[in-house]
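One chain, chain A, appears in both complexes that follow, with chain B as partner in the first and chain C in the second.
This part shows the complex of A and B:
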């Protein structure tokens, strides 16, 4: 066979469709800000401190790595800023500065740059950073402890921790509407549900994230939480509670949809999303951690290359 | 359409501005926390007790709020009596003395040894449980948790 003919494409001139990496990242940042701004209003100056330091340090680490590895300066594409912003959305407003500096180092350097930079990371960089910080200094992620002296006028117990410790009787005071409107404690940008949903829908409509992943993630949460709830309603919360608490919504729209660590084919995307949702509920209900989103997505990132092999077969036969 | 050179310049400016904003906000936050430390110590919103039986999140504000339980300080902080100025945390008095000590040094802060010789103080566990204020009040008013797993998180 003539192998030279395998890569023939149509001839020039080509037309660029106008999309670019900076445009994509700027749009995701804008969508995320819908959820970050209410968080800043809620927690005040400490939240501004965490978000600003996180974004700027992520860009500084990227700049430092560009310089160290003698590669082109890449902070102009906005990806480092996005990673910094997402990291700050997941942590409490009282996080000490050194945790933010160490965390953004882990996100940008360990999560992204050592794999070759943007598009080459096998795991979501933010989740790598967060998981290492979570395992190393877990006390900063105990939202009950971190936000001990805040009084925001609503029920100030971390919903998932209350559920895990005391069962469903402890979460009766959380109404679905309150949870949706961000009347719950948690990460700076992870609690304002309606903002995360609006941001996610915007990104789906503009084609920056794939609806298949987000929808199947939420379906995975819904189905598995529903089954657990049917088995023992006094111990396991209903699906709506799980959809609106913890990192579920930010995970479904902003974390699991990262392009290089998630599948691109239709069926693999559904399997990946469902897997993230089901693993999240398994960890929340019978695992050791209060919230399962971080480890669930990391585990499914791991399976991504394998499940993305499920693809349509080419017609015909090559001898 | 912005050129990539211009985007890079913009990114550098954003980095510098956010770094300054971040550092200044951290400094102001630390300063504000320092000035509020005393009032937080006096009237904490919530208190987290880390016990052998799991963490206990105690909502201090709900207990003293007029619209909720409206307790006065001395209802719980009962020693020294009727002296709101001299209020101490539960664990200041309700501690067990070390093995080689007859009294905890905290007692001897205010009292002479002879003064407290015949006084028995509940240890921290008893002071909140079987012989203490928490469960006594919860039982008396039929409000608040009594069972272990209702306060202690796993």
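This part shows the complex of A and C:
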């Protein structure tokens, strides 16, 4: 009765746990939306425009590169959409459309596709795009200037810029609770702290990001900011302020945890996270830039292949 | 199939099945109309056949297919040889397939009975290499690698399979006899029985020390038994036999005992049959019974594009034809419905680290797989611990990109072994 049937032949194992790249990316997008939606409510229609344009342009660039390089169409894996969404979360709601289009081009093409697509990027693509845009057209990333026409009913100064220019006396009006609840200006999806934390916890529990990186990132920020604060409290803000402002939370949960540009072994993950945190505070406190997250993570991305060599001895290895 | 739990934060728990007493029934597959016996070993260029088509054979008779080759099979039925042909297994392993048409009346060969009263290492190696459970008897006569310890394992290395657990539960007398015979003929007194922890109580009084093996996959992998139960780490790239330890399956030892008690070489194999819906049963079939006959006897209907697997879900091998016979090491047959089959994809590694977290041997798979995909096998072996891999299959099981990592690793090991064996020919092929 079973004569002449053809069977599928493949190599073991014959089971798979059902995980997939689209599942991963869709979940990260959902977690990110927890922080994006309050941002959209805050900044209104321009924010929707920036987010939509960024996501769709990222996917279009990916598709275009797929065609150009004659590789399989990969927008189905959700990674381009995620990159577009993360990019829009970091920029102000008033960013001109051509900056978004150029930015997503840099993210998808320069940051990811020219290295060989998903999994091959040595740096976080979004940070590559953002760093180039910021160096080239820095005026669009001065949040105070970009969001000049908004009055949302809270202190409308970019906390990190205020700190940089005027010292800790300027940030006394920011309470930690306000900062946590998103009552600060900044990128569309980077200010709603509680949303980012919830999203991050969700991703950690589901196993889509590695908790070691996020936790050590935050620990790095906390420890180094604490030391600076102890040395000169009038010049350097306390650790809580640094944890809740700028790109810290989105960096800890969404940017530094990018799969391909971060380490996978336990000790390297801790070193990497701590490094990101410490570099961030160094740039913020004694560097030229107002926020250091972007360059701190890019710098640590660079060290990733090297520090990931610290790994446990394999079974049966004599050396 | 075990799926990822909603909370992916914790490491998945993958456990071996424990055989309950309830399922201690064995379904006997009737003797089929014809059987196919696979003889190991590749014959020389122009092999001289020592047996001919049309020869009549008895059950338990020893058949040596080639004049210049020592390997043999034990006929599992009484009948007439109908064909002799070469047969290619996984990774280029060659066999000789001997088909036998079965007669209605079964007669047993008496040659073994005469010598079974005074068993020596020589008579044993003349008959015990084709026992159910696959007894690697030649290892005892290899003077270069002397064996000092025998470990009888009462479990199976892969999931779902309960064949050896059944043997431990139901054939303890045969195992006791088998162990005493092995001790006598090999002179090795250090015999240990390792069984899954849950079966410890039932396996006493065999004349061997008893050790427990954990239920968490891959604790039953021989390398892990050596490391966790005997505190002896096997150096990467070495086989267990190199350190003087020989692993035997409980079934093969029981077969030795049975052969000595009855004077007849056992010819039936116990097999765990895993059906499409995951239901399991234990069957016993003559060695050489084809899958076709087993499925007919069990009323299993197969569809186009299903998957047939010999062995377990993580380390077995899939077969393309229902004419594949039961061999001495066929511990399980598994059928997967086409709807549930997961195939590998060609997405690149995204460096998520799932494999690193699950790898029991701590192989840096995320880097290794990049070298293997590029064909850089030697670099993989030298710098990224290719030979530490114990082939449990967990990395491919959890791979988000569905990369056939396990296949790449086996292929690399195979290719490297070819280079070591015959360096000239492989280089010539490359050019």
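Quick note on the criterion: the second predicted complex is superposed on the first by the 302 of 319 C-alpha atoms of A that agree within 3 Å, B and C clash if a C-alpha of one lies under 4 Å from a C-alpha of the other, contacts with A are read in each partner's own complex, and residues count from 1 in each chain.
One rule holds for everything that comes next: a residue touches a chain if its C-beta (ideal position, glycine included) is under 8 Å from a C-beta of that chain, and two chains touch if they have at least 3 such contacts.
Here the structure is a predicted model, which means the values were calculated and not measured.
By the document's definition of touching, neither partner reaches A:281: not chain B, not chain C. Contacts of A:14 after superposition on the shared chain: chain C is touched, whereas chain B is not.
In the superposed pair of complexes, A:81 makes contact with chain B only, with no contact to chain C. Shared-chain residue A:126: touches no atom of chain B or chain C. Shared-chain residue A:49: touches chain B; no touch with chain C.
Which of chain B and chain C touches more residues of chain A is settled by the count: it is C.
Contacts of A:161 after superposition: chain B is touched, whereas chain C is not reached. Once chain A of one complex is fitted onto chain A of the other, the partner contacts of A:145 are limited to chain B, with no touch recorded for chain C. Within the superposed three-chain model, A:59 lies in touch with chain B and out of touch with chain C [touch as defined at top]. Of the two partner chains, neither chain B nor chain C is touched by A:36.
Taken together, the two structures place residues 77 of chain A in contact with chain B in one case and with chain C in the other. Interface residues of chain A, counted against chain C in their complex, comprise 1-3, 5-21, 24, 72, 77, 116-120, 204-208, 210-211, 259-260, 262, 264-265, 311-318. Across the complex, chain B is touched by residues 22, 45-46, 48-57, 59-60, 63, 73, 75-78, 81, 97, 144-145, 148-151, 156-157, 161, 164-166 of chain A.
Within the complex formed with chain A, the residues of chain B that make contact are 4, 7-8, 10-12, 14-16, 18-19, 21-23, 25-26, 28-29, 32, 40, 44-48, 54-55, 57, 59, 61, 149-150, 152-154.
Here chain C touches chain A in the complex through residues 1-4, 6-9, 12, 223, 227, 233-238, 292, 295-296, 301-309, 311, 313-322, 334, 336, 338, 341-344, 346-354, 356-357, 360-364, 366, 385, 387-388, 390, 393-394, 396-402, 404, 406-407, 410, going by the rule given at the top.
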